[in-house]
């Protein structure tokens, strides 16, 4: 059952996620700056930010309720769980059976609900606007993500992320057109879910266009720190999920410690490439009007369903 | 003492007596006592018949078997409760200046005579006397319908008289034809119109004559039953007559007319090969049901609406008897019982409600449950019962009719479904706001008699959940006789 | 005397409920006696029913024949595993609602409390009898008594025109549905004339008649459950009823319709045809999507929940359809999975939806307001209700780790393993259906955020809300009870499933329990852990550990000072309650994206308006597509028919004459 | 079908034809008093036909029947009707809904129908007067037609009574009369009916100032 190395690997994966996530954000920011010919902020900027925020006092709005204060912790907890079950280094994760891919979508959903509710809690114009938009993005992104997972789950005959990854990694090299559809859909969803251009702009404070920032306007101090950290964890989780699903090579399959250690540089490499590509996407695209977002996500949903159908039509051997 | 003789004797004598003594303080009580006596005698007769089997009376001219004793008991019972109800009701009418003492005298004596004619019609063995009694029942009720002497009530009574008179003339032609057919078998004796004799030779009766005869009888007595398109007198007469009269017309007279058809159907079935009579009745029944259901949604007058509801139920019952067979006949009989009890209860409640509010227009009656919760609940529960809501007994019979129809005549079920649905929407949509809502209350000079309403509904409720075994045996016996 | 069998206990419980109801008539105006004695007693009986049903699960079916009923058809009663699952649901959920009701019903609100008590307990007893009935007549009697008692409960406050209208619509559709059910039973008896369920089981119907029976049952039970297009009564009746009644109707009564559908399609009809499943699936999908979309745009909190119930019923119907498809192709393991999802969703929905309805009841009592646009910020005044409602909201949104997620997870799992059906069309269609289910689940989240956020969060939209009081002790206990049910169903799915599996096994011949019992109680892996697994306890613990650890670390490593000030809001100066999203505003994206799905009347202000205002009214298309034309048609036919009664006696005589002539000329033996 | 018909049967057939002819005459008659006279004449013919049947067959109760007919149909009822018309001052002319020639045409059609309906049955009869069944049916139908087409309450009643005549004809001709108790009952009913109607006429006139039934079209649903 649960091996010691498995436990170690699990702990390690979580710690690595906690540590690496801000770095990934920093890296993307840096890449963006490079691509846009700006002078880049330091790579470790997110860490400084977190440090600073944790040390600051919390300034709560008068109308904030206990839910407002609890939400950042819940969101943070959810993201930790998400990172724990996505195989980044090894598929031997004792926590993996706790939640399969569907539950993973559920975890993201839970976090989304909490952040939206928290946004509505203070009762400001921007807060409820952000909450509404977040839910708008969510109700389209969530089924699209589910469909992507369905496509892969059909290939692997499993919804357990670890099993999918193992199957994907072990398969012979065959061209699956469905994966292409799923991959594109997944990219779209990831962009939307992580508040990236073209759906949202993480760097903006231009009131009428923002989504994520609008929701967290009233947060400060450690609450804001946790939310920011959770956001970077989310991006990390999505990146790892994408890598694990579509580029699973190099993730340790067994509980061999050596393989696990060997997987680290590969992961870093893949994340670096992924981050760079994200920066590229963000650079060559402009942010859409908010009402373009449903079309964008609708396309993602459609592509994911198409992928599923293509998978059934071309690749099933019944 | 012979229960049967007493039963016929009491209404005849008390009718005469009530004519003689006129309107006194105790006249309503005399009316009730007479009805009670009739009821007791009928009950005694019922027990006797159930225990000893069929019997004759007055030679062979009267014959009581399990089929008609059931109607007799029902008639006597509803007659009793209606007389109880009519006591305070008619007094209130007098207080409101709608009736005079002379009219009240006429009402009571005619009421007793009406009971007498119905009891004769139910118990006679002679199809000729059956006809005579039916005609007499029409004549007595014509006077009752026109009791208010308003233009509307006169018009209603006139239409009632002419339409039913013509109808019943056709029934007489049918009876003559029947006699014509019977005479060929039984010879020129006085027995050729006696049902007991006819039923023994029914297989030998000439089918062609019997078919013609049955058509005339069905159209004739069917007018009285209220089968569409012969029903036109019915809503007028029900709406314009005094409410106790509406209650007995709807609850009893229609039954008696249908009983006459049933007796003839037995003969027709025996004589004519195939399902001729049954098919005719099924056709009439379905058409009536459907037409009445659509009529319902256009009604404004509460009594008129429930009159159409009676037409609808008569259609359903006719359809059930048309299907024939033990189950359907049983269901038909049960439905007749339930309909009589429920509909008269509804008319009682409606009577009090209209007296309280001073109008029969449904849109002016509101919030009965606030004026008098018992009347309100009585009307509400009665309406739900008549619409076939369990656990009331109407549902039990509708259950049997519908399931039996689905089994043997599935083509008819969409019609049934449509009609019942439309009727439900129409009636309930109108009664609900009458019962619920807000209103200003008024007190009546005489406290209404609520007991009959809940007595009837209680019986209907009980029969929906539990039919005592002896009642079942009795019904089965009657259903078996109908073939 | 033999030992008391569970079925006897349940029948006694039903009688006790009736007796409690009748006791209410003894002192119809004594609110204290009725609410503080009778309703808690009713709740106690509810718990008993739940426990007995739980205990009887897995045992053999028990039957009883009562003396009442029709002459040849006394009431047959039968307690088997399917009934037990639903009796379990009824008992436990109704216990919570009754406790709540003990604190809820007050003087001066419509019907006298004694009458209300009677109606309420008759409602409970009739629902129990529906579950136990083993012949068509007993079933119909119980079924219609249920409709009738709930109708009276709905019209408790009958002084309002729209409440009467709602009650009328409800009873009308319920009655038409009941006739359809009755006909379905009639078809199932075949030619035998045996109306007991045992008799129906032994009938080998031809596919045509079996399909007729099934479709009639689907229509009949669908009318009660609220399947599109027979759903229209539901969003009218639920808001009209007092909240405990809405809770009971939505949480429990709708499930009796599901029970009936399951009973007919898997128990009484011995064969399943694959396209039945497709019909149920399609209807379910339309219902779910319709329900959730309309629930997002509602501005009345109870209507919102009512539409959400429609959505959930749709999901259940999808599950039933899937089960039928699998069952028809003899893929019993998958059928069992889908069936488990159905049963589980019934339980889950009963818990969380009644919880939410009761919360609206508390809000209603505290604020006298049902419209979302006039609520807000109640979490400050009603923390108990708010936090307990959050549990309901999360479960309703289908999110882990609460009950709603488990059933949705099971449903999606059964979708996922559908390929392999020996029918190419189905193979293609089923995944699309899965996508729609996913969309529905996500939209449910939207609706729930709207519901919760607008009522409990933000600033109070009306000054009067400041005086709102939290729920009283009785109400609180009812809410806590239901929240506990929601939580337990969420984190102990394996344990629950291994109990209710008996019903699945009874209907399909196979179940999930064997597989589940190989794994631990904490793990839910219906096929095998490699294929799919969900461990809600671990899930919850992990999040909780991360949460608490995070909190502890933050507290101890950094200082925990908090300052309060006005909100920042980008420095925007106006921060009154009107700055927040309104209920209409919140759902604006949905109205925009799914515009054609709604019938909208909008007034948009222009720049030149001196008194600009904005209104939007969303109505149900089905009214205009189906119900109004139907009503108009009936009206037309009525107008035609009334020509018959034209008032002229000569014409009447002619009818009689023509009838006679036609019969003489046409009718021949 | 060339069987010699006995003289008495010829006589009865003749009377029956006269009754039918009178039926047509009533259909065509515009004046109320004349209508009543025609009705009385019909009653008389009916009585004669019954007497012939009684003589031929020797059935004693047919004599009673004939006497009853004579008293009731030929004397008493016409007398009551005459009195009513005079007391109520009914105007002479009776308007018809359909004009008279059309009514007559319809009447002829009805006669054809009635004969055809009765034909197969009357052939089964062994009485000497079996052919009259068709005539009786035709008389009933003509009376029916009269009730439909006439606008006055009193003419409707005459139509109603003419219908009874047709029925009596059927009873005597096809079956040599119904049992005596039934005939008595029927006669009593008819008498009581007409008396009640008489009372009614006064009430109607009091309320409506006319006996025109077109005033009584207020109870309707359409």
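Order of writing sets the labels: A, B, C and D. Residues in every chain begin at 1.
Basically, a residue touches a chain if its C-beta (ideal position, glycine included) is under 8 Å from a C-beta of that chain, and two chains touch if they have at least 3 such contacts.
Predicted model, so just to flag it, every value in this text is computed and none were measured.
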Interface ranked first by C-beta contact pairs: A-C
Middle chain, criterion being Cα centroid separation: C
Taking each chain's C-alpha mean as its centre, the one farthest from chain C: D
Distance between chain centroids, defined by C-alpha means - chain B, chain C (Å): 43
Distance between the centres, which are taken as Cα means, of chain C and chain A, whole angstrom: 35
Euclidean distance of C-alpha centroids - chain B vs chain D, Å: 31
Chain centre separation (chain A, chain B; CA means) in Å: 78
Contacts with two or more other chains, residues of chain B listed in rising order: 158-159, 162, 166, 170, 208, 212, 235, 295, 298
Where chain D touches two or more other chains, by residue: 117, 144, 147, 156, 213, 216, 218-219, 221
Touching two or more other chains - residues of chain C: 639, 642, 644-645, 649, 653, 664
All touching chain pairs, where touch follows the definition stated at the start: A-C, B-C, B-D, C-D
Residue numbers on chain D that touch chain C, as the complex places them: 97, 113, 117, 141, 144-145, 147-151, 156, 213-214, 216-222
Residue ranges of chain C in contact with chain D within the complex: 639, 642-650, 653-654, 657, 661, 664-665
Residues of chain D touching chain B in the complex: 59, 117, 120-121, 124-126, 133, 137, 140, 144, 147, 153, 156, 160, 163-164, 167, 170-171, 174-176, 178-182, 185-186, 188-189, 192-193, 196-197, 200, 203-204, 207-208, 213, 216, 218-219, 221
Sites on chain C touched by chain A in the complex: 376-377, 379-380, 383, 386, 390, 393-394, 397-400, 405, 409, 412-413, 415-416, 419-420, 427-428, 431-432, 434-435, 438-439, 441-443, 445-446, 448-450, 452-454, 457-459, 523, 525, 529-535, 538-539, 542-547, 550-551, 554, 557-559, 561-570, 572, 575, 577, 579-581, 585-586, 588-589, 592-593
Residue ranges of chain B touching chain C (in the complex, touch as defined): 158-159, 162-163, 166-167, 170, 207-208, 211-212, 215-216, 218-219, 223, 228-230, 232-233, 235, 272-274, 276, 280, 291, 294-295, 297-298, 327, 369, 384, 387-391, 395-396, 399-400, 402-407, 413, 417, 420-422, 424-425, 428-429, 432-433, 436-438, 464-467, 469, 472, 475-476
